[in-house]
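One chain, subunit A, links the two complexes that follow: it is found with subunit B in the first and with subunit C in the second.
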Partner chain A sequence: MAFTAPNETYSGKVYQVEAGTEKTFVIGGENVLPFHSFEGNVPNRPVIAYEVQDVPPEDWPDTVKKVYDGVSGNPVTWAKHCQDKLNAKAIALRLIGTHPDRENRSAEEAAATVKEVLAAINVPLIILGSNHIEKDTSVLVAAAEAAKGKNCFIGKALEENYKTIVAACLANNHKLIAMSQLDINLSKQLNILITQMGFDKEKLVTDPMCSALGYGLDYTYSVMERIRLAALTQNDVTMQTPMLGDIGMYAWKVKEASAPESELPIGGSLEPRGIAWETVTAGALMMAGAELLIMRHPESVKALEKFIDELM
Partner chain B sequence: MALSGVEIFKLLPKTNCKKCGHPTCLAFAMKLAQRQASLDLCPDVSEEAKKVLGEASAPPIRPVTLGTGDKAVKMGEETVLFRHDKKFVHPCAFAVEVKDSMSDSEINGVVEQVLNSEIDRVGQKLRVDAIFISNASGDAGKFEGVVKAIAAKAPAVPLILSTTNPAAAEAAVKAVADKKPLLYGANESNADAMAGIAKSHKISLGVAATSLDSLTALTEKIKGLGVEDMVMDSGARTAKEMLRDNTYIRRAAVKKGNKSVGYPVISFAQRDDVMLETLIASLGITKYSSIVVLSSVERWKNLALFTLRQNIYTDPQVPLQVEQKIYKIGEPSADAPLMITSNFSLTYFIVSGEIEGSKVPVRLAVMDTEGLSVLTGWAAGKFTASKIAQFIKDSGIENEISHRELIIPGYVSILSGAIEDKLAGWKVTVGPREANGIAVFLKSR
Partner chain C sequence: MLIIGEKLSIIAKRVREAMMKFDKGPIQEIATRQWKEGSGMIDANIGPAEDGGEKMMEWMVTTIQEVVPLPVCLDTTNAKAIEAGLKVHNNEWGRPLINSTSNDPERFPIMEIAAKYNSQLIALTVGKGGLPADAEERAGIAAEMMARAMEYGMPVEDLYLDPLVLQMATTQDQALKVIKSVRMFQELNDPPMKTVVGLSNISNGMPKELRPIMNKYFLSLLLYEGLTAAIADAHEVAETVKTFDVIMGRTLYAHSYLQM
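Let's turn to the complex of A and B:
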């Protein structure tokens, strides 16, 4: 007896969002669940952006810090290294040094860094603040102006500070990353608030908040899966944005990614363990719908690209 | 296919005799539809109704067990496609491949790894569940010898015996039949013989097809030969094929009631690139495999895969909890700070992670809030001043530390006075509201 394929057809579709000017990337555009090309259209592969910071990665675990020895002292050399040596398809510049508890760099310094990095690369740039609610409003506004015309992704706009960041993206023609905390309703609400300001919903990327393998990954996974199902099955136009997985920052913060084997004997060798933590976090969230992934270790990125090759 | 309450009602005697303990036949039918009652409760039900309802109430994916005893692996019985709809039932099993062409020392090495693979994470025991022994040599005697040797060395570990040669299968299965292994390798050319072996030894049979069409034909044929416990391989090998076939199979079984594919799925993740293999196994975990076969079981890889399996297979309605006790982070001296939080696993992991990151040694009191977070626990009356005071007194911590200061989460600052009233001689300090403020808070003290 022949097997009757139980295909699903969905009424909704994920928006296609493009970044960059010289070299560009496009995410989204699919009308099916992740990689379900057997029953619909999956026009674009997920994109992995290499994370670069405005200050040296002193707080990164050795496994991933040492990969950037000699280039990470300066965001420009670091970004160029990722683009030229690691073939990064995008760079995610995190302005973590602007956080008041960190180096407390000013918005002007951040803007200067953005300009320098943009001058040095031709792949699309994702600009991230330090997730400090007040400080990000000045930092991201300055960054958006400094990057005017470069079609960047800028974030993250939170419910508490989205207005100024949305206005800056509108004025300077950028795409926007909106983040809410692990709740499908909050995510929908923020998307609505942002579009009510006149921001085009098709220029929006949703970050439902990442969590690392073993540390809440199940929550992020299910929120992403539910957002994507709402987009496809209910044709909910406020939920049809592509989704971001801010993987590296969460995965490399947990004990399993940094504790030596002597402290965590059940975890075996540290180096592949750290890389696997980032890789598996990304791989799982990609199956739930993340299609822009921000990552740190080149080996994690390499493995994930091979996985995507097999899936496409 | 599950029947609705009304459909079931039509098959009942409609006498409203109440012998089943329900006021009416309709009420009983509704309970049956929700699987909250069993048809046995009705003394007057017809044979025909039993047959129809029995078929309809069978789980869409047949339960199949691999191995015996404590370490037996249960598979099947899944009812949904997405974990947010309902808990995934049986966590997918990890099996490591051993080829009978490998040297004795290589084989012993892998078996040792399996025997030593068990870890404890958030109160759950996690391990490599099974050994997949393949007849790579093509030699029946060699296969039997290796199967016997592994069964002797790892008597409790479930085994999957992989061969397409019925003679090799018969000898190997016979040697370990009491361990209820899975015989994998029934295909179009050997189905009769393999089904015969599985049937006579009362073990389950792994079907190796080359497409979903051939899979359907094979499971129907084998069922016709009297073997009902099957595990299926559609022939999918690339990630793309795996996702497609596993999705089709789960949907067909759960949503369309297609019994021909209503069995657990075995997937093969072996790759030369170990990180890619880890990702293929992750795909199996998230997308409906019941067994994932691996080429190696390094501890780092096990930990990542065990953790992902735990994340995907937890009940989304019931938060994971950690044990109530006072955890030492770093090596706290008698005057190290004492902090308190709830026993929601995510809260615990995030708070302990931030404390570890701060490098300040701390005692962290984790109180049983039935898995609720701090604020929810407070609102639900599980994280209250009197319960906190009782916990601190009963813990015996007063004999261990030289101070009497308790740091509470910022979200429950309102409790500080009440705790001080109930804990004589103690001072309560209000800590940060969010975990990400902990490092700065601790370092600035």
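Let's turn to the complex of A and C:
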């Protein structure tokens, strides 16, 4: 008798979440594990968003900083460059300059930046704060108002500050990114708390907290995988959100992505090493279920897109 | 586990009065509340209903399903009333369940009706000779009823075996026998037989404030043995069922798991 490959069927399904108004993208919608299109329906491709910042990327390693020489002095030219020259399907604007330990830009300045960037691009915008619990509550509220009607993803809402951010997304009709600290039970709890405020669970994206290859990637991978299994096999409606991998900021922070070959001879040439670090981190988390990936280096993005082409 | 909401019973004064007056208001309110509280089916207990049973069951089924998208458990000994209820039952929301047949020949016609209308059926493991003594006797009766179902052309998968819960306050030794029966019933078939209990009978005759405690602990033991369904107060047992699902790893834990 011929061998028949066993096919799993799942009781749950990941929600579809759409961003943008002119050009849009949709993530999620699958009723199978990542790329298991032989078992069910995988209607949407993972989306890669290019990361830009409200302030110049002084803290980025040279490998990835130099790619944006001449455009990264201003978030508008930077975002336009990513859209027009690099064919970005989405832009992730990180308002890192609002952090009190950085430039400490005000919420009003952040809102003005959001407006300028939105006016310059037509792909969907993801708006990220600086992950400072108190500051993000004013920054993201101002940003959500400035982006009213533009159907953005806004985050990240944490257990400590989700209420004001959820309210701002409700009032201005945005999608919300909820982040918990690498703990599946707390991730579920945060989703429950957010939906109890009247926020539609189908407008939610989960960030279980990213980590880079060699620096806890396996933890993020495992949490993402378990979230997806709860969504699909247990039909847990609180866990059926698409997931975000905030790759670039973690991958480019580690030593292996910035140390020269003289310091790290075993790692080989620096430039391809950094690109590979970001690509491998993104690829692994995509296999665990991340549908939206925020990345920095165009070569990493290119490599991941090729990977997706082969898997879809 | 399937919760069959027990609150629409002729024994309750408010329900009885609404039934006598064919007043939909209270019936629909109670049905809706039970649905919201987590019932997956609504029991309609109209008693023996010797006079006007057909009209009553017909009215109950349509009244409930007007407001609640759930199947109904038709609870009466009157076979004609059951048949009338099945005729109007809306199967779009799930197949109906008849409560009940037993091993008493007087109740055989109810199994015939279940077979005829492709309904599910509760089979109470008692015969004509009085209450069963232990789990083994219950399993023996169950096997006879399963054989009868096959004779009538009814799949045994549509039978819910009911071990008959007795009162703690009067027959304490029966509680463990009921638990054991739930385990034994499942072994009578592959896939395992479905099982059901009338849960609150365990605490019948006990002081009012103790009843929920007894019901909930007893239910958790039955759940561990694999109970399929319980006729119960959804409001009362929801936390037991949800907590059990967390312990068994069927639901992912979160601090707010009881609110979901």
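Of note:
The rule is short, and it goes like this: the second predicted complex is superposed on the first by the 311 of 312 C-alpha atoms of A that agree within 3 Å, B and C clash if a C-alpha of one lies under 4 Å from a C-alpha of the other, contacts with A are read in each partner's own complex, and residues count from 1 in each chain.
Convention: a contact is a pair of C-beta atoms (placed from the backbone, for glycine too) under 8 Å apart; a residue touches a chain by one contact, two chains touch by 3 or more.
As the structure is a prediction and not an experimental result, all values here were calculated from the model.
In the model built by aligning both structures on subunit A, subunit B fits alongside subunit C without clashing. Annotation: apex subunit A, arms to subunit B and subunit C, angle 80° (C-alpha centres, rounded to a multiple of 10). Which of subunit B and subunit C touches more residues of subunit A is settled by the count: it is B. In the superposed model, A:Ala230 makes contact with subunit C only, not with subunit B.
Touch criterion met: A:Thr238 reaches subunit C, while subunit B stays clear of it. Once the two complexes are laid over each other on the shared chain, residue contacts for A:Gln189 go to subunit C alone; subunit B is not touched. In the superposed pair of complexes, A:Glu109 makes contact with neither subunit B nor subunit C.
Put simply, the nearest alpha carbons of subunit B and subunit C end up 13 Å apart when the two models share chain A. Residues 226 of subunit A touch subunit B in one complex and subunit C in the other. Across the complex, subunit A is touched by residues 250-256, 259-260 of subunit C. Interface of subunit B with subunit A (complex): residues 82-84, 119, 121, 211-213, 215-217, 220, 238-240, 243-244, 247-248, 251-252, 255-256, 258, 260-261, 273-276, 278-280, 282-283, 285-287, 298-305, 307-308, 310-312, 314, 316, 346, 349-350, 353, 356-357, 440.
Against subunit B, in their complex, subunit A makes its touches with residues 1-6, 8, 35-38, 101, 213-219, 221-222, 225-226, 229, 253-256, 265-270, 272-273, 275-277, 279-280, 283-284, 287-288, 299-300, 302-304, 306-307, 310-312.
Chain contact summary for the complex, subunit A toward subunit C: residues 184-186, 188-189, 191-193, 196, 226, 230, 234, 236-239.
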